[in-house]
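Each of the two complexes below includes chain A, the first together with chain B, the second together with chain C.
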Partner chain A sequence: MRRASVWIFLAYLCTPSFALYRKEIYKEDLRIQSLRDGQVSTTFSFVTVLEGAGPRNPKALGQRDESQHYALFPLTLGQILREYAITELHLTLNAGKWNYDNWGHPHEAGVGTGAELWAWMGASEVTTVDERWSGLRNALSGLFCASLGSLDSRRTLSPTVAFPLSGSTPTFSPHELRHASLPSENVCTENLTPFLKLLPCKSHAGLATLLNPQKVFDADWHGMGVHVIWKEDTGIELKLSLQTVFNPVRTSAGKRRDWNLQSLFDRSIERSCPVASSSSITVILPEGKDHKITPENPSYMDGLAIYDLSSSSNFTIPSNIAMYWPSEHSFQYRKSLSVPLPPLTPITPLSVKRTIHGTTQTRGVLSVSVTNNSPQEISVGYLEMMPALITMWMHTLKVEINSQIRSDLLSELKYHPPSPQSNDRFSPSMLQAVLTIPPKTTLKISMEVNKAFLKYTEHPPDAMRGWDLPGAVFFPLSQLSHNTSSSYDWERIYTPTLLVDLPTPDFSMPYNVIILSCTLMTLIFGSIFNLLTRKWVVMEIQE
Partner chain B sequence: MFSMRFQLLPQACLLLLTCFVAWAVGSSAPAGERAADFFSRHDSGSGHTNNWAVLVCASRYWFNYRHMANALGMYRTVKRLGIPDSNIILMLADDVACNARNKFAGSVYAEAGRHLDLYGENIEVDYRGYEVTVENFIRLLTGRVDPSMPRSKRLLTDDHSNIFVYMTGHGGNEFLKFQDQEEISAFDIADAFEQMWQKKRYNEILFMIDTCQANTMYSQIYSPNILATGSSQIEENSYSYENDNDIGVSVIDSYTHYVLKFMEGINKTSQASMQDLFDSYDPVKIYSHPGIRSDLFRRPLDKTLITDFFGGIAQAEAFPLQDIVGSSNHHENDPTPPTSQKPDTPSVPVVLSPTVVSLPRLTGETHAWDNRWKEVRKWTSIFVVGCLVSWVSFVR
Partner chain C sequence: MDRIRGFLRRPRRPDANIARLRRRRQAAAYIHRNLTKLTTALFVIGYAWMLLIPIPMLSQGTYIDENALQPAQVNTYWNWGDVHTADLQLYQLDGIQERNLTSEQRAEFFRTEFSKLGLAASIQNYTFSTSKGIVSGNNAYAVMSSPRAAGTEAIVISASWLSRAGCGTLNLRGTSTVLSLAAFLKDYSLWAKDIIFIISDDYLHGMHAWLNAYHGTIPSNLRTDPLEHTSGVIWTALNIDYSSHSFSHLGVFHEGLNGRLPNQDLINSFRLISHYTGGVPMTVYDHLEYSDSVDRLPEQSLFPPWVPPFIQQSPQLQQYGYRVRNVVRHIGYQARGMCSGVHGLMHQFRIDAITLFAVPADGPHGFHALGRIVESTLRTMNNLLERLHASFFFYILTSPGTFMKIGMFLPSTILVSVAMLFKGLGEWVTAGWVWEISEASLKGNETEKSSPAKGTWRNRRRPMLSALIVVVTTHVLGVLVFNLVCSRWFAEYPSFLAPVIFTTVSVIPPVLLPLLSTNASEAAPTSMLLKSSNLCLASTVISITSLLNFSLAAMLVTTMGIPLATSCTSSSTTTSRLRYAGYCVLAWGWLVLVPGEVESAIWNWEVLGVWFAPFICIVYAPLVMQAAIVCL
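Presenting the complex of A and B:
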């Protein structure tokens, strides 16, 4: 008996702990593109791949997890993903309005204003998807200093067609989607600070040294994104992206559209990140020959100039990549002194606009217009996720081209009205349809809406500002084939957000009512009390 | 008779063993005293081991830029003096740095020349925008938060934490306005502090408030170990200090401006006391009468260091047992551990504060003798227990 215990003890000492050390790859890339209206779009993407790893099986959530050892993958995010058994996660924090007509499609498709969070999770009886969604929101709000905790059931939906799984689908359980957006979320340095802390080299080395918050948040559009995707053959891929659209014409002294890294970011890259397997700056060269790019010797590849910044290349660091137009004085976008110029065709085949108009505070008309700029007919999906503040009346839904009703162009209409959730709240309503737009025409969809009358405690502190409504999403129908009639590959188009004025009560009325009624009661009670009890007595005053 | 004695013997041994254990336990009581003595040796006797800061800006809108700048100025001060981000809860009711009205995106300035950016590149705002409510503030203080609240938004203090609570916004007689929608009253704060005291969530609190009629906000506090200071008396307004013409609004409040100016002269090792800070109050310059409430605070103010509340460095010192009285001044920045004569004392880097006037030799030697005695007792007790066990098994 004693001998057996001794042997067991020795065996325990000799057993190594089978922790898995996975291979991790880190790549960083910066794409810079000069847009046709003189602005410069920069897209940083920092990709960390955890090879051979897979998402956690949600059925095993009650049990102890295998130990996670990361060298480059951020531990804080990895712990959140394991804790809630998340298969795919997308979080974007954007500010501004993406101008599809002049800027084209962004490199990262999630450009909806404000915060947008969506996650695919496997179903499980141990903890429900909704509980894990709530835990995920709060954990990410603590990690990124964003108020994502308010993305509760009032803003959560499941639009599986427009937001499909980008990676592989695990087989252990059927997966569900949770999507929520908060268009009024502000993005500032406190969101960038934890974002940079997720990178292996943080902001000390590599491309992330360029991220100067005073310049990034001065851009005309900026957004950061966290995307976690599982691909069966590679593993878990974490992509941290930061897109900005700078305006050198506004910020430069001579109103020129020349740019260089120093003028855009006010920083220079001192060192390359030693753990990056590839680190490069790709400049998408504009058409025409009147621009010049320095340094002179990048590697060219069909319209791209690639500068390899990794330590193995012979590219000298620090360096300043610059593009300038030597023959231009100041950049004039479409200004001609003599003739009015015709409008430029938008870069994207689809242009979208959305408004709510109406004169009363109770009713309005929601109107969405989609323009097909290409010579072929296009079929797109249209998704509207409207918070329960706005009630859309389906019987007033009209599809028109030039005031002519064309109901045949709208098909496969699906509408989910707001459903009551726990604690007296309503989920958003979801409207999904397929639109077929003939070439070179503008399709207009309109429907009447009612604005909700909220209880006075439900209004935010700045109630007079109004409520932000998330943008509608247009998505391509066939996700699988890449050689459809459109010669480009796009994921989603977001309309701008809307600000709607709901009827607000007079917030001073509770105070007024209390004051007035208390005064009246005091006067009435006081008068009656005095009448009943006060006695007038003659008193002698001694001199 | 002999067998009877043997029968009684296990009980007698058990009695002896319990007496021994009681004596061992009783004589280890000085260990607790020695720990308290260690922690209080170089600070002013507050007995705190960690520092927290709760900085609240309760006003929204662009024209309340100065309240945001007040809170951010305090944030930068406590961060500079050593409190880490994980121990700072910053609540800003609105975003001015990335506001569309801000000409200088990503920057918040507290003076008219815009020399020092308070927002910087490394900032974590724990509660922002609509999350800054009275309910969240009181839940944060008392610790009664939803289980889903992330760690960075909780006040994880214990009974050795010193907390600096700073509030700024618009206020009045015993109330402070949160976001123009609701109010917190002096009674709410007093009750929250009392809950914290009952739950042993603080060692000492410094409560500083910069609003109109600020001194009324701390008039109702009734829990011990709270030092409070405010910017203006009852029936008095607190005024802003100056405007910046490019930002377009007032950038800092008067009282906070002078407090921050005093703090510029404080660094992590400063020995300035709270009395120095309170002596620097000048009602003529501030345009209001700042107040101090120290009746609930048990230590004298001139012995209370500023870094007890604003700083985050715990002074630790380990004693190598050699004569370091004479050479204490040379060891200020010495990173290498000095050699110790006693091999069983662990040698650790010695960090001395510059004003140490202690008697390390005497106490060092006393410590060694204490350690020796503890070792002797330990081995004796193990030996006795071993003997008893082996004797019992032998008898069986």
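Presenting the complex of A and C:
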């Protein structure tokens, strides 16, 4: 009897694990690249693949879900994904503005300042997409200690063209996109700690050992991303990425651009993560021959030096990887000594500037200038997601090249004005268009905007700061339409965020109190006193 | 409640109400009888108050209102190595001065220097067209994108190529401070706002062109390209003016265009930082306090040399004299709408800015102190989470550590304008009545000459049409004169045209006046009605202006207060003509007497958009001319 019960117990233990057994693969990679302005970009990516798994069908949301057993995949994230039946999820938390002109396109495209969250979800009658979106925001904001909860209907849109599904499209139901961004989100160490907890080795082993908050948050730019993608042939892929742009010229005593892992992170990799199936550091070698890299025995392949750190390889973990320029005394931003110096040409084929002009608090002009630096014509998608604080006037939209109106260069214009929501709020407005930019020219788009007059309760506590507006997004059109410019590969370009001053009352306390109390006193006292005492009669006065 | 209502609603005897009405009439009659005394008292109090503005008792100590600023609470890192960088830059700039480079070459040099530091640098070419010809120049600027900052806010550090010291003095040390600060500041990751470095051409118009291009408000007479590099919203700015070899004090200049002032928190924080971080005393303008200037600038004494020394050396009077100089200088800048430095151009764009002027001296301070102070001030500005909004925007800095709130100086002009209003209303009432001696009583009392003539007050009509025509005509004349003064002809032949305009505008009213139909004999005379409307109009103008620009209102009060109130016709033609001439000089005399001021006011209007010139031509001079016409 006892023996039988033990067998039953063992069988019970084993059954679900056999039934739900899925292969989980964990890979980690670090890419290091020296940039032309002396900075060093590092991109960590930690990929966990849940082979054979698929997203939850939202139509089954009312029923009991299958139990979740993961070895490497983070359970906390898995529970959120299952609970809200998320097919695809992208969350980025960045600080700083990415300098496309000097740094080129980032390895991870999502570099918009602040927080950005977008998710693809299947439609269902059980729970609507918006309900699940709200739950997802709150769950993630709890998980990552970020104010994602405030990405409510005032910031949510569905720009499906610019943010398509990266993986496969499930067939169980039509899918919808929810996208929101919060440019004023400050990203710091409280977001990194929960991020590291999602890794199988935490920050104890492997590449994540390097992630020293003191150094990461002293970088000129840093950002982390969580990307969940479902691919039909592999399964669910979770990619945790962390990008930083360090400035060794600023931090080193001799103003040199030399770097090594110790100087960048102030830590070294003691052991590799035992569960990682691959673990590597890839150094993208700069052009030219004047640099040296140690240790010198990695596998070189077309401009890359790859160091394999995985425990399976017989390669010993290098204590430090360093790159240095022995012939350089201190870093020269500009090599040319000719006076005047020619202006630097941007690396990326497109460079974008966006500003709001105008000094008044009621109206302004939004102007975007897009420069095509390449010798070919480029067609890009342009997406503007503006909170309802700002009203864009479409009739004032002007497309110019060298002060000449060229309306033919803007096509497929789509504009959704702010729509009122159930809770007396307005959803953002969305402007989407296709721009065709002739080679080596600058296209200027400008339109007049009105700034909203808010109720005084709608102002934030720091009312005099102004309101942050999310950056515009430029995205490549689908491969079919732009065969000419497919020579380079990019996902999206984010412009820096903007700050606008709305009409703001003087919230300073004494002024308020005096004005308000005086007005009340006068109104109440004056009218009531008159009502109580005044009587109109005709009098005759004899002189 | 009922009892209270009963008390309030208690039936009054009709006599009581009649008595109340009588009392009111008596009070009005009393005021009318004593109107002269009342207005005189208001005039005296108002003018006396204006004289008392500089006394220390009316001022109060400055304080920091915005908690985020935390001035002088940081360790500064600017050291002698950075001073060496500044010295090297200065050496290069000296070379530029000797080689006499053009504006383009200079800007190119600055751009190269900024680019070598890895900053996004560029040049802005600009051309202003004015009635005096074309002004052009080149600004060099660089934007430092701060680490981890979204680039939504920015701080500006600027230096103009010419110093405010005048006479073509070059601001070489100020410029090299900006260049070396650019090299120094980018080595720190603590900046939360972008920092924009600007080296503007010339004195004022370079920065004006840059600011307009940055904010996309390019006026029609400015030609410039959009800026290549931009950043976020500029909240605060520091302009550095350091032209001499070394300095003893740092003077703060704060007046902006059209009488705008920066938030006082900026000045107060700078004062604390200058004192505690740099050990340099701050002064208002380049005025040294008497204790500082005792052996250096004896000519700045308030008193003429014949005043006995015990009065000259009285500390209270010295203190008063020092404050008088500060207040007068402030009123001088603000009333004319002039900015006291390059910083003043920024206030119209909601940028709080001041100029730091290194007061020339033989020592003891130089780049070391200035660099530390600017660094610490930038750190303070960097702390801001919102725009400066907590402290005062309307104030008079009477000394570095004391200021006057608006409530302490505003009543002086308001009292005078109230006196003028009373005077005007009094004139209006007087115009409505005429003392008529009835013929019957005249005949009956011919024998008793000693008894006063009996008569009655008779109501008479007050037709305003002629007075209104005069008012409108004078203002239209003002508009014409303003257009003429701003024309190219005036710019070319000012010494010839100014007397011609003056004579014409003085002669036109007496010539045109007879064409105006005089009021019928039973109606009130036009001159009384004109004076009444003139006083009421002037009073309104003064009280409105006093809120926007106190100094301008104070100037109007001093020039218009008494003269407008005392204008009247005279029985003798000579006296009235002399009076008329006097008023004409008061109204338009500046055309001939102060040609330099006229020229600068026109330039300020055309290039910088200062409202002083149109205000004087279209509002002030016509008002005085109406008083002149009253005298005819």
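Convention: the second predicted complex is superposed on the first by the 476 of 543 C-alpha atoms of A that agree within 3 Å, B and C clash if a C-alpha of one lies under 4 Å from a C-alpha of the other, contacts with A are read in each partner's own complex, and residues count from 1 in each chain.
Basically, contacts are C-beta pairs under 8 Å (C-beta built on N, C-alpha and C of every residue); 3 or more make two chains touch, one makes a residue touch a chain.
From a predicted model like this one, the values you see are computed outputs, not experimental measurements.
Touch criterion met: A:V365 reaches chain C, while chain B stays clear of it.
Applying the stated contact rule after C-alpha superposition, one finds that A:A95 touches each of chain B and chain C.
By the touch criterion defined above, A:D218 reaches both chain B and chain C. Shared-chain residue A:D468: touches chain C; no touch with chain B. In the superposition on chain A, contact of A:Q432 is made with neither chain B nor chain C. Of the two partner chains, chain B is the only one touched by A:S134; chain C is not. Residue contacts after overlaying the shared chain place A:T348 against neither chain B nor chain C. The partner of chain A that touches more of its residues, comparing chain B with chain C, is C.
Once the two complexes are overlaid on chain A, the chain A residues touched by chain B in the first and by chain C in the second are 95, 217-218, 462. Residues 60-61, 93, 95, 97-99, 104-107, 117, 119-126, 128-131, 148-153, 179-181 of chain B are the ones touching chain A in the complex.
Interface of chain C with chain A (complex): residues 5, 8-9, 14, 17-18, 21-22, 108-109, 111-112, 115-118, 122, 145, 147-153, 186-189, 215-217, 226, 230, 232-233, 348-350, 385-387, 389-390. Against chain B, the residues of chain A that register as touching in their complex are 95, 134-135, 138-139, 141-143, 145-147, 149-150, 185-190, 192-194, 203, 212-218, 460-462, 507.
If you check the complex, the residues on chain A that touch chain C are 37-38, 95-97, 99, 113-114, 183, 217-222, 247, 249-250, 332-334, 339-341, 343-344, 353, 355, 357-359, 365, 367, 369, 462-466, 468, 496-499, 501, 506, 508, 532-533, 537, 539, 541.
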